[in-house]
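Naming follows writing order (A, B, C and D), and every chain is counted from residue 1.
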């Protein structure tokens, strides 16, 4: 083999290896939807199945399963969870039926160890899996931001949960928050208020919003225009009470001047979480090709082992 | 009609009216079982179905439905709950999958208003429905034991939940407990520690136990011998951390001298709760005719409108 | 020396050694009194000075200093505290002026290390020094009753203070209390409610009470009749919310059948605390020779290094 | 009287009335100093007495009394407190000796009703009277910022105190903070974290600082240059954990670029609090004529009934 052809072969190999995740190894995506009757007028076969059908139509390397709250083990059988690499979550009216204990026992270890990654959609800001991920990330943040000093006394960490699931008032303190106190010169105690995972106001008026890509080179934004419109969506208004994200990929602006960090990612242990805001079940958001593209990109990015972004 | 036949007619009427609940109106009983594989060696068709089958065989006025955790809505569909008058609950390994929010939304109002009554079996001491009933009763007890003084300042009630689901140590304070403080001469604040709903120790050795009827005239004890043996059961050891019951119907004694209040009732609003201790799923407790008799009696008693015991 | 005289000498030596603490080494006693004007009708020169004068009159080895709340450093100068071996405390209306921080900084280390011992009189049940001693003892009790298991996870100890200084209602839970929870089989957390240091009711009617010596061989009871009357005292009613004492030396009974553990001792680290109930400042309790005898005995017992009772 | 002389008379009267508070009515100022020996090298006769002497020398309408921690009732006799209109507070090492209960009982009602006003100097940021005023103001802020909605359910207010007196870490959440939660659409609960009353760092290096008057027309800034130097002071670094002040009158800048809101006022009920930062006891800050001028101005402003600024 002469030098030129060696070079060519190497280049070809690199291209092959780079595209392998897309062309080769399948990524298993479990779509979880509570499947409320209120979805029916807009999503004939329910919201989760709509996303499933659209992802299947696209040419990609995603394997899709669609489950619902009323399936055995609430759709979260060991078989499903061992199979899945990415979990897409839609919940709204019946989110209270998924207990924290279920999520802790079934999902958190998988996410923490990077075996499973989560995509939470719109009203899933108050889904138990998303909230538990945000709690976990907040606890990691507390210990990272306020580390145990070497040779010092043991720092006491206290984690204060929300007293109940209630939206914050405009003007409320923003959560999570970390009150870190010294005794003398040394850190002694950190009182962490866990994240509320909600925002002060919303408006289900079905008006359009404008999405702007804030990280154009992020894999989740691949192939998207710099800005695009959603024809009809609910409004959520910042501040969103979540831990500081690793990345903000989309900014969304609404009809009365409100805005939202509408696509964010967090590492939770070795797992990743992507929150995507637009919705909800009475608007055809999940029939929009750009939205499906984002979800598809997110599945690829979360599901790819090579991802080092 | 002469006086004697009038008397006879009245007596007959009384007998008729008294037996009507048994002969006439059907009582709808929903049996809820998490249906764990570990039940299989002892209960081929699962524990809940075993109870269902035995209750159906007996001549009584009970209508039986058997549901499981993996049914739609975890077996707790509005249809099932509107139909049922009595809910028999078996849970153990997967109790964490029933969220407090589910129980509060679906069950508590029904129980509080007397539309539904609960029978909790053995390991269901930590089932969410039983725990929520014990919490509710404890809160009612707090306000009953320490009433708002007329014309005084508003008494503050604080309810402290268990920090996590952990059995109490031997020697621990017993819950629920009520710390009631005055400012000056008047009641000002009641800090209530909610019930742990567990006990310091257990022993799953399958040894026999002896049951003694402590309230022989109670409808739940009807037709039972004064004492009887269970051939093989797990041991639970007092103190059981529950609010003071309205009635203790059975006392159980174990091989190493331990004892337990093994049949207790509480009013929760207008509803009633019956806890029955013997179990668990690897012992044939629920094949014992006396146990089935107790459950049958409890269904009648809870399900009967006329009950004034 | 023949054998008889040797024996005699030994006996003499024993007598000498036993009585040495009384005859020899002086015990420095600091009497602390808030010196309220309400004391005046009964104690012309204030209550603390009355006790001081009477202790000085008796033939004993006590050195007495009497200080008051309005002295420099509230009477608690380093000079006074280094000098004193025993601290007698009387407080009532102005107890709130002694801060916890003062007591922690000035008294607790001295008591914990056995350099200082405390006698708390009557209404000093809510004096800051007595309360801090009871808190400290409770914390020691928590760790002694529920020890860290070897090789296990670190047990979390939480100490919950009273929300405010309020007497407990009749029927309230009794403090201190220890809620000890396991995770699985191992102790994981102990939630300790600190002692209220009060009791459900009192009656300042100045009626007589009857004192009974329950530990006649205790040095504090030395020279006292088995029972004796106090001509005029206030009534306090059990349960007194304090940690379980090491010794109950006196039981007191009141005109309407109430009773109290009216002389109790606790070890607090290497220090000792003696609480003596009879009072208060408008009754001539501290002019009673038996009461003075008890205080004198307590000073000797607390102040004696040899004490091994 | 002709019209011109009427006008003149009115003008004269206005001048007279305006200057009356200064010329006429005396303002009683109680200077409270813990009088630590460490003050001696810089303030021969203690810090409080130094301020007293300098205020007396100036021609003003202030009546001055100087008291100390070791005076009867810690200097806070009813006689002193009924006399005083303004209370100047210096504390540092022995602040823990003033209990919250003392301050609540003796000072807070007087301040709340406008009978007494507080000037807190430098390290008195952690003096009990200043901290209690900041707590009170925070509680007032909570109810003002998050008012009870008319016709709605009773909003629950919870106030969380600092777990101990410890400086906040750099990067800690800032206190006070208000977490306000809705149930559905309505405000339901406000969890207020009370102010820490400290700041993340300090440096007692005795370097100069620069003071800038930020509200030149404020009576407290009267007669002061727009900026001036303090020759030697300790550094405190923002953020100072106090409720948002009504006015920031001075900004102070330090040798390494740090800054502080060094003169602030708050209304607490009908009373007023002025915090003045420069210090501490080993630097001759309180011999600086500008500083004395500020304290004098503050006494006039706080002590004047006519003040409507």
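Before moving on, here are some points about what is shown:
Everything that follows uses one rule, which is that a contact is a pair of C-beta atoms (placed from the backbone, for glycine too) under 8 Å apart; a residue touches a chain by one contact, two chains touch by 3 or more.
Protein identities per chain, from UniProt: A, B, C, D = Trehalose utilization-related protein.
Source: prediction; values computed, not measured.
Steps from chain B to chain D, minimised over paths through touching chains, total 2. Each chain gets one centre point, the mean of its Cα atoms, and the points for chain A and chain D are 48 Å apart.
Per-chain CA centroids place chain C at a distance of 41 Å from chain D. Chain C has its Cα centroid 61 Å from the Cα centroid of chain A. Contact topology of the protein chains: cyclic, one closed ring where each chain has exactly two touching partners. By the definition of touch given earlier, these chain pairs are in contact: A-B, A-D, B-C, C-D. Partner chain B is touched in their complex by these residues of chain A: 69-74, 96-102, 104-105, 128.
By the touch criterion given at the top, residues 145-146, 162-164, 166-169, 171-173, 175, 177-183, 187-189, 191, 193, 196 of chain D touch chain A in their complex.
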